[in-house]
Amino acid sequence: MIRTAIVGASGYTGLELLRLLACHPETVVTAVTSRQLAGQKITRVFPALAGRTGGLDNLAFEPPVGDDLAGKADVVFTAVPHHTAMEIVPGLVRAGLKVIDLSADFRLKSADVYAAWYGPHTAADLLTEAVYGLPELYREAIGSARLVGNPGCYPTSIILALAPLLAADWVDPGCLIADSKSGVSGAGRGASLGTSFCEVDGGFTAYKVAGHRHVPEMEQELGRLAGQELRLTFTPHLLPMSRGILSTVYGRLVQSVTTAQALDQFVGFYQNAPFVRIRPAGDAPHTLDVRGTNYCDLGVFVDERTGWIKVVSAIDNLTRGASGQAVCNMNLMTGLAEETGLTGLGLRP
Amino acid sequence: MIRTAIVGASGYTGLELLRLLACHPETVVTAVTSRQLAGQKITRVFPALAGRTGGLDNLAFEPPVGDDLAGKADVVFTAVPHHTAMEIVPGLVRAGLKVIDLSADFRLKSADVYAAWYGPHTAADLLTEAVYGLPELYREAIGSARLVGNPGCYPTSIILALAPLLAADWVDPGCLIADSKSGVSGAGRGASLGTSFCEVDGGFTAYKVAGHRHVPEMEQELGRLAGQELRLTFTPHLLPMSRGILSTVYGRLVQSVTTAQALDQFVGFYQNAPFVRIRPAGDAPHTLDVRGTNYCDLGVFVDERTGWIKVVSAIDNLTRGASGQAVCNMNLMTGLAEETGLTGLGLRP
Amino acid sequence: MIRTAIVGASGYTGLELLRLLACHPETVVTAVTSRQLAGQKITRVFPALAGRTGGLDNLAFEPPVGDDLAGKADVVFTAVPHHTAMEIVPGLVRAGLKVIDLSADFRLKSADVYAAWYGPHTAADLLTEAVYGLPELYREAIGSARLVGNPGCYPTSIILALAPLLAADWVDPGCLIADSKSGVSGAGRGASLGTSFCEVDGGFTAYKVAGHRHVPEMEQELGRLAGQELRLTFTPHLLPMSRGILSTVYGRLVQSVTTAQALDQFVGFYQNAPFVRIRPAGDAPHTLDVRGTNYCDLGVFVDERTGWIKVVSAIDNLTRGASGQAVCNMNLMTGLAEETGLTGLGLRP
Amino acid sequence: MIRTAIVGASGYTGLELLRLLACHPETVVTAVTSRQLAGQKITRVFPALAGRTGGLDNLAFEPPVGDDLAGKADVVFTAVPHHTAMEIVPGLVRAGLKVIDLSADFRLKSADVYAAWYGPHTAADLLTEAVYGLPELYREAIGSARLVGNPGCYPTSIILALAPLLAADWVDPGCLIADSKSGVSGAGRGASLGTSFCEVDGGFTAYKVAGHRHVPEMEQELGRLAGQELRLTFTPHLLPMSRGILSTVYGRLVQSVTTAQALDQFVGFYQNAPFVRIRPAGDAPHTLDVRGTNYCDLGVFVDERTGWIKVVSAIDNLTRGASGQAVCNMNLMTGLAEETGLTGLGLRP
């Protein structure tokens, strides 16, 4: 059994990690830290995790402990805010632990770009080594990594939608639009007016329209796929629902392509990817079909009237967009089959 | 008092018309028809409309009656499906009634375009006379019209977002993207699997991605504003909420513009429009702020990194996108102030 | 025009008061205070209230000001927490203002009972004078009151459901059960984990099962109606929706009664009450039919198999359960018709 | 591997059965019938079930086939309407299949009672043999049964809440009230106005207040526990959410009991029940904690002021209230551990 620890488990990504690891056949959770909840039983805070079978009745939150996790765990998930992660991760890596960081701190290759969007990076030497944890693009490298920067939720949905098009040089890198809609859990578990029920339910809005910190991560990966620097026009929106991201991505075609040809390109590009499902022609994905799972569902549509291609991408932001992808990365880093512990199907309705 | 009648009042646009007209200080509802509900008391079907003060306790649905509405009403709202409207409306106009048609039948100027998207038009001679009922663009013409084609919900939200930009020649007419998200009431009141609660709640999807019938209406009006034919890339989505449309519209700037300049352009363009509210710089509109009202709220954002401009537009699809706009058109057609009976504020939360 | 002021308008009851007063034909809002929001424009905080027609574009929140409201207003609504209200209200009353207090501080007649549930009362001398602001029971007294204690949301829904039965001595005062379900806005506008979207949406729970502070207020009024002290078994629940309370109230019949007889009793009891609507036999009320209105809809069912009677009661907790009822009380206190400014119909869907 | 078949799998209970069986380690689904969907691939209708790992990509719906399932399956789940089940089940049992019927047809012991609530029973001879499939009460009998009548969703939540109290003779059998609130999926997957999104979202109502067909099933089992015939006052309500039932059950105590004593009684009564979780004193269960699982969470509260006891019970109506309980029954009938394939934890948020 692989021994796993979670640093910073008081939020929704921590809760989702616990849900997945509790049911994972090859892991055991040995330590769960939270500054805020230290000393409390996990099942008192998260009653959903109780149960004599598969539940976590005997675990309690511990105070943050630093490098002594080395004696307790083989793999550590760090689910703390950016800037906090860069303080913790180097020590964990030095202690010989495999680390999957769910913050933004190890996703970017350039310390300068990081500084421009987040502020100075204090562990920049690890940026080169860290592998961007999107298995469809970096499966091999993840397999031998000590440190994985787990992708952001929006980037996961958008990069998977555009990768087959940019790899084929089908779209103009200067005309890429990503219009994304996210469930509220993407904002985390802290209480705030903007995510309180009465401010969200029954309505819809855009936010951070003028700029969102996931942009440089997307431009890094999309640019690599395109073989050139590019700019992405991106708008996030807040859906009145808890889980799920749907991104509608628009690219201007530079050659004539039919929807059937485009679907073929996607099916071929993802033929070895167990967690990408291409929807049949004419069908758009639905976030409910991926709820609670590691799947990314894609729908592809060529608009022959206008010469643009649309790709619609659906993921669960907490699973594929965070904790499920982290577990998938753990599987690859420890030699397990990519799908281990991730075979549950979407909860619908 | 202006006598009003509604033909086809069993759906949500009918219900919303009744709600607004019951509280309108200058109108009385004299006849309400519905093939399906004929003979039933209105308040049995719609208990929300009951009440000794302002309610409609004494009205019942009548069978469809044809031209004898002339003796009962001054203004008729036709809230029937397209194709049905074109059968009914000519007789009502000939009988001297002012008609506001909420279907798609009298929105397009070209019978050929209509035929391409909806099938043959049997009252094409009225297409030239009918005025497109968007008061911000056609206030004068509506004032003297006998027949108004009330705009679609998506077109209302998108045309108002783009009009100031196209009128100023600021954006490339070949690169217009409209990504729209609608509440479920836009699909009408009929029962269907796709709009049943368990298929919609907690999830999100796109639909009719390959083509939606509101496109020609938008291209007609946007092209007129641009002074040239153009194509719009449009994607509708279904939100897990009942009321509201938010459209995020993207245009490629052909000249350098700041957000402040863009906001000035919008404020100026709509200075005489009581139902358009421009949000302060940095703020995006929220559908809850317009719920139950005739307002259209607009947020404007220049993305200087990419050279695109984003306009975010929020309306209530049943009020501004249908019945409220119809009442506004009635006001203009009968010489009332544009805002009469439409002064309620958004129901929030 | 009646000059009105609101003390403590940063919450949802304040927002709802502003929405109603902005559209009220006989009032003008002259002052709006909020410690937290002082200095901000009202429409920046609440964009729904903007609009050249009927909106509140020119008002800003003021710091709490004390008794100098006397020169600015005829009627003051105090929408502050309990204990704060008892500090403010006596001065306002002394200054000659008519006061409608939306907290719990002036609902109970007994300072001892107040102390047992809320702590010591520092303005107990006003408890006798204050009128319980439920118009169906105290219309006359409200008309001549200087100070009205506006009822709680749960008590409004439950007292109206039981009053006709207790007045007729049809039910056993020792076997009264009220099972109530409230929308989230009843918890106020402050951010908290328990009312954040992801904790509420898609789920349902009970809260304060062991005891809720609305109990003494209900037992006071129900006991008065019954002519004897009584105890109520009450359970509140939290609905995944913003507005609305539905209470299902159970009474053990002490005599044989049919549903038809019970309905007659309710219709008779409320014959002069413009804001109570009795649903036809077999129909239960729906919170959406009362949304945004001052109505209380009641459904009555005798269960002949078990000998219990059920009354189902629906109100909007922000309107009838707080601000709408407060406006209704203002109307009565100032000699206006009870319905003035409250004639809007339920927003459905 | 146990071969399983589902008869009538086009609804939500069918979909939930497929979700659970696809992930069950000891079963294989060999046949899935649906009159309405015959010939269609399962994953085209239910895209959530697609996936190379664990998915059902190779199955299609078959037309209803009758007794030849005997060669294909060891266990059959019948998920058809009542009256249809009684036509199908006898043949399946005669053919040697173990049958779990999810309709109401084999829950009642008395053909007369069945007739009074549902109409004549045509397979009354099987009523004696059929075991009521509530494992907490009938674990042994289920283990040796050929035919199990899978309990209704409301009865599951209410019987589990009352069983420890009736078994201990703590409450008056003449004063039992069950106030239940269900998510919309309880109404099935067919399109209807009453379950369409816009009629449900944002609101709440009661339904079938005058009588619901689950009453006789509850009175049968509660009466057996009480050792005497009894009557239950029951009211179902419709929650604006898809999954989950919360029942608040009220009993009049006939002896003095504290909350702590009551909790002890519940813990003891369910000590061998892996799927019942008793919440700590003061905590009410939340439907989200049981979402997608077979758990029933119970909270217990003695109201010493009034002498009533309240039990709050939460289940997922599709899992514990239907398909999860059916899988649990299958486990017992085939000698597997009760929890096999049911170890997933609640999806929260």
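Residue numbering begins at 1 within each chain, and the chains themselves are lettered A, B, C and D in the order written.
Everything that follows uses one rule, which is that a contact is a pair of C-beta atoms (placed from the backbone, for glycine too) under 8 Å apart; a residue touches a chain by one contact, two chains touch by 3 or more.
Predicted, not measured: the structure shown is a model, and the values here were computed from it.
More C-beta pairs in contact connect the chains of C-D than those of the other pair, out of B-D and C-D. In this assembly, C is the chain whose CA centroid lies farthest from the centroid of chain A. Centre to centre, using the average C-alpha position, chain B and chain D are separated by 45 Å.
Chain geometry summary: the mean Cα position of chain C and that of chain D are 39 Å apart.
For chain B, the set of residues touching two or more other chains reads 12, 185, 198-199, 201-202, 240-243, 285-286, 288, 291, 348-349.
Across the complex, chain A is touched by residues 175, 177, 179, 181, 183, 198-199, 201-207, 209-210, 231-233, 235, 237, 239-244, 246, 248, 250, 252, 259, 282, 284-288, 291, 299, 301, 303, 305-306, 308, 310, 312, 314, 348-349 of chain B.
Contact residues on chain C toward chain B in their complex (touch as defined above): 12, 15, 19, 22-23, 44, 46-55, 185, 201-202, 242-243, 274, 277, 279-280, 283, 285-286, 288-292, 295, 297, 339, 342-349. By the touch criterion given at the top, residues 12, 184-185, 189-193, 195-202, 240-242 of chain C touch chain A in their complex.
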